[in-house]
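We call the chains A, B, C and D, going by the order they appear; numbering starts again at 1 in every chain.
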Amino acid sequence: MTPGEPQLDLIFTLQCQDQPGIVHAVTSAILACGGNIIENQQFTDPESNFFVMRTRFATQVGKVEAENFLNVELHKFHPTTSLREYSQKKRALVLVTTESHCLRELLFLSELEELPIEIVSVVSNQLHLKGLVESHQINFIHLPLATIGKEMAEKDLLKLVADEKIDFLILARYMQILSENFCNKLSGQIINIHHSFLPGFKGAKPYHQAHARGVKIIGATAHFVTPDLDEGPIIEQDVAHVSHAVSPEDLIAIGRDIERRVLAKAVRLYAEDRIFVVGQRTIIFN
Amino acid sequence: MTPGEPQLDLIFTLQCQDQPGIVHAVTSAILACGGNIIENQQFTDPESNFFVMRTRFATQVGKVEAENFLNVELHKFHPTTSLREYSQKKRALVLVTTESHCLRELLFLSELEELPIEIVSVVSNQLHLKGLVESHQINFIHLPLATIGKEMAEKDLLKLVADEKIDFLILARYMQILSENFCNKLSGQIINIHHSFLPGFKGAKPYHQAHARGVKIIGATAHFVTPDLDEGPIIEQDVAHVSHAVSPEDLIAIGRDIERRVLAKAVRLYAEDRIFVVGQRTIIFN
Amino acid sequence: MTPGEPQLDLIFTLQCQDQPGIVHAVTSAILACGGNIIENQQFTDPESNFFVMRTRFATQVGKVEAENFLNVELHKFHPTTSLREYSQKKRALVLVTTESHCLRELLFLSELEELPIEIVSVVSNQLHLKGLVESHQINFIHLPLATIGKEMAEKDLLKLVADEKIDFLILARYMQILSENFCNKLSGQIINIHHSFLPGFKGAKPYHQAHARGVKIIGATAHFVTPDLDEGPIIEQDVAHVSHAVSPEDLIAIGRDIERRVLAKAVRLYAEDRIFVVGQRTIIFN
Amino acid sequence: MTPGEPQLDLIFTLQCQDQPGIVHAVTSAILACGGNIIENQQFTDPESNFFVMRTRFATQVGKVEAENFLNVELHKFHPTTSLREYSQKKRALVLVTTESHCLRELLFLSELEELPIEIVSVVSNQLHLKGLVESHQINFIHLPLATIGKEMAEKDLLKLVADEKIDFLILARYMQILSENFCNKLSGQIINIHHSFLPGFKGAKPYHQAHARGVKIIGATAHFVTPDLDEGPIIEQDVAHVSHAVSPEDLIAIGRDIERRVLAKAVRLYAEDRIFVVGQRTIIFN
């Protein structure tokens, strides 16, 4: 690199059926645009033979030119690819109902510049968190499902996603079920936090069930939303040890702490293009 | 304490319905026998109002005399109690089939004097682990279920328990289902290691199911055996984080590592009289 | 307990040289005031023979009457004791400089009612965090050390502690050294968060040192402040695993996450009267 | 790959100054020998600009042919490389004194086929562990330092390393200091387990120091041995939380458990060619 010249820091991702020569083609393209690899990770799922790759590289050519070099080398593999500047934050819509702990953690971390996302708006079917959101100078949108109906609400959301160039939705304890149509339209773009590790206690009041069963560990799971409720590809899970002395209410409080941590971790992974969905599973380049 | 005089180190446990004055009565008895409390833990289950207590104390009177003092103070509460010398190791029977990892960990730790149990014999329905057991100078008993039948085998086991004054059984990957009658006769005296955290994947090949589901955490559970398979009171659980890159075979290996650790921990808790069963749950004084 | 009658929920703590009969005396007093033990923990430090005890009990007599019963039974042991209502929150003063992560966590958790403290005021030698504090409707006090001098600043702080009946100070990344006199006056009442586990890298830029040394684990320590800088009794520590790929800046960010968690945990333990200082060590009843 | 044809599974590692084209060259060579990448990891140390890479690939050509392809592409970068069959176990010499816990863990895991090493011999300056070693059908060598002197002992060890084609030495609680000359001759080939995390308590009886200081976490560190005692590049560290209730003897027991786990993990990483030393630090491809 010529000293003083500006360098573009790019993140490239690729997915396709595995076959000989893909990595070679990517590195040919990067070499061709005078690039230098900063990070590179790849994985072939042995069951599906599906190949995924994430490469961060610095280059002195522009993004469009880099894209051309990559296309020339890679088009024969018919891959799904993405290329973006490392510094460009993903745009998020956060959906909440009344509980604030996950939302607060996202606000906290993005304000500290520890989570590379831009929270464009917070949407809720309730008004409880309006004050909190606006005190952080973030736009609050009230979508009163009970009044306007779910169909209309989802239409509004999809319009918002399009208008505001939203990259992904974060369900931060959003206690509403999304329609199959909505889930499919935003497949792989909606992250939910589930108050259990999966498989877990099914049905209502999971922490009360966990207490009754006398478990010594509770957990939470962040996953992509699919039409199958709580069955989407798992992104991140974590747990805490609990003793006999904790009440169901204590479990809920401990659970809140795990939930906010796990959701924030999943959002960070997404924001940094580290998650790939292959079938029902995720490949995570940590 | 008069210098030079021998002190008896005793562990006392008590369980009964909670009512005012129990702790006071225990401490009265200990005071009466010139004792000094070394450890004391207690808990009242808020749902059942059941009270459990574990007290370790040093005294210059004998064990029988201490027992009398305790009975005098406590008989009005109709408690279930136990009193034993701290240095007296619990006698264990280990049941195995073909897998060695849990058995090896138990042998390892008891030989290092890090697990206060005496492994009286190892029983197996197979011959695979005979050499390993005998190389540790421990008695190996072959109970060929297929030949003698389960009923006869359990009869032999119960006789062994009685003859050898066995305190508890450890199912160290013993791949046989015990009869309801057997489970009930040794209720709260059989510890099993389950290759999942509970609730977990039901049915065969749990690690393959976990892999297919793409979980990011796997775990193991040590629990008391009850006639309801894998549903007995949970003693200890632990987990490990796993990535997309691990195969089902890797999961099994990681699982083995968690299993041996969790089982050893549960056995230690039992050996030190730290576990109390209240309904479907355990109280653990760690 | 007579149904319908109000119950007082009290936390009692006691410290003194160990001797026979202390637990018996406490339980006698609780029995005398018709009380019921909810939680009880005790420990005798084997080196110093110092005894500490924490008992939470419900009673139908008033707090003053309970205190009398306890004094009658216990005065012969000359213990240090405390008695307070469980629901009465400890009053905290939080000291900060410019970094917000620890302060934010304390605000976050106390607002969620997950940390039983009342943050009376936030004091800083800088103005950076004024807006944040006031947006949470909490009093911000600017103590410009450079202008008024450390001696005057500490005088003001001590007056504030007295006037506002402050129970303890939280140094939430307060980058100033307190005088020996100040530390001694508030001995056992000032909690600091240290950006390392102890013993750790001495001197400036510990995260850069940790990076240079290639450590695989970093940590943080919450401790009481004593005149010996960073040498006070340790309350809580935690760590995170780190890889070769993290930069010193990443370590600082990961460190921030551990720091806020560890400090919040220590504050919770203090707020619930679970910490006892014996010599250079703490006894923690978790 | 033609069905039925044998595939060679190879591990290739490379280290050199970073420069454009290295990954491209490696993938060109693998493509040229009809290979398929199974795993690939790389890292450039930003401070030294040193590049390291580990690639596992399957190929139908022989190992020598693959080596030739790689040399042709890579010689211009003057890298340090290694190439070996994945299934070929590294040959280890284990050095012990009297403590058995680390040795037992290595025997345990290698017998279970969970650690891909071949323990060629166990060497000790004492005779305590002879029986244990030989009961596992492993050669025990007594090197009585006190009699033959350290210089002669190290000469014997170096001869053994050469004669037996030993890949690396494991100091499994070997309580002897190796000479500077010996350390340098086997640089990057000797793994030690240190009973502390680093930086830690210096000098004798670290667990007693940790107890006196009242730490809430203890740890252990596996590192390469260099002439600077306990200052070699860190491979792996882990910790355990401890409470006030543990004695120095308990700390030692807990420490043993961490030590055996950390050492086994470091040995596994080494055995799988996942460790690269760059300056004072290690790059670990997990």
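Heads up, the rule we're going with is that a contact is a pair of C-beta atoms (placed from the backbone, for glycine too) under 8 Å apart; a residue touches a chain by one contact, two chains touch by 3 or more.
This one's a predicted model, so the numbers in the text were calculated from it and none came from an experiment.
Undergrad: I'd like to know which pair from A-D, C-D or A-C copies the A-B interface, where a copy means over half of the contact pairs are the same by residue number.
TA: Selected from A-D, C-D or A-C as the counterpart of A-B: C-D.
Undergrad: Based on mean C-alpha positions, I'd like to know which chain lies farthest from chain A.
TA: B
Undergrad: Quick one: compare the interface residues of chain A with those of chain C and tell me same or different, with half as the dividing line.
TA: Interface between chain A and chain C is built from largely the same residues.
Undergrad: Indicate the whole-number Å distance between the mean C-alpha point of chain C and the mean C-alpha point of chain D.
TA: 42
Undergrad: When the centre of a chain is set as the mean of its C-alpha atoms, what distance in Å lies between chain B and chain D?
TA: That pair's centroid distance is 36 Å.
Undergrad: Name the residues of chain B that each touch 2 or more other chains.
TA: 245
Undergrad: Considering only which chains touch which, how would you classify the arrangement: line, ring, star, complete or other?
TA: complete
Undergrad: Show me the residue ranges of chain B that touch chain C in the complex, using the header's touch definition.
TA: 18, 20-21, 23-24, 27-28, 30-31, 34-38, 40-42, 44
Undergrad: Report the residues of chain C in contact with chain A in the complex, numbered from low to high.
TA: By the definition above, chain C touches chain A via 39, 100-101, 104-105, 108, 112, 114, 135, 245, 253, 256-257.
Undergrad: Could you pull out which chain D residues touch chain C in their complex?
TA: Residues in contact with chain C: 43, 45-46, 197-201, 212-217, 219, 233-239, 241, 243-245, 247, 280-284, 286.
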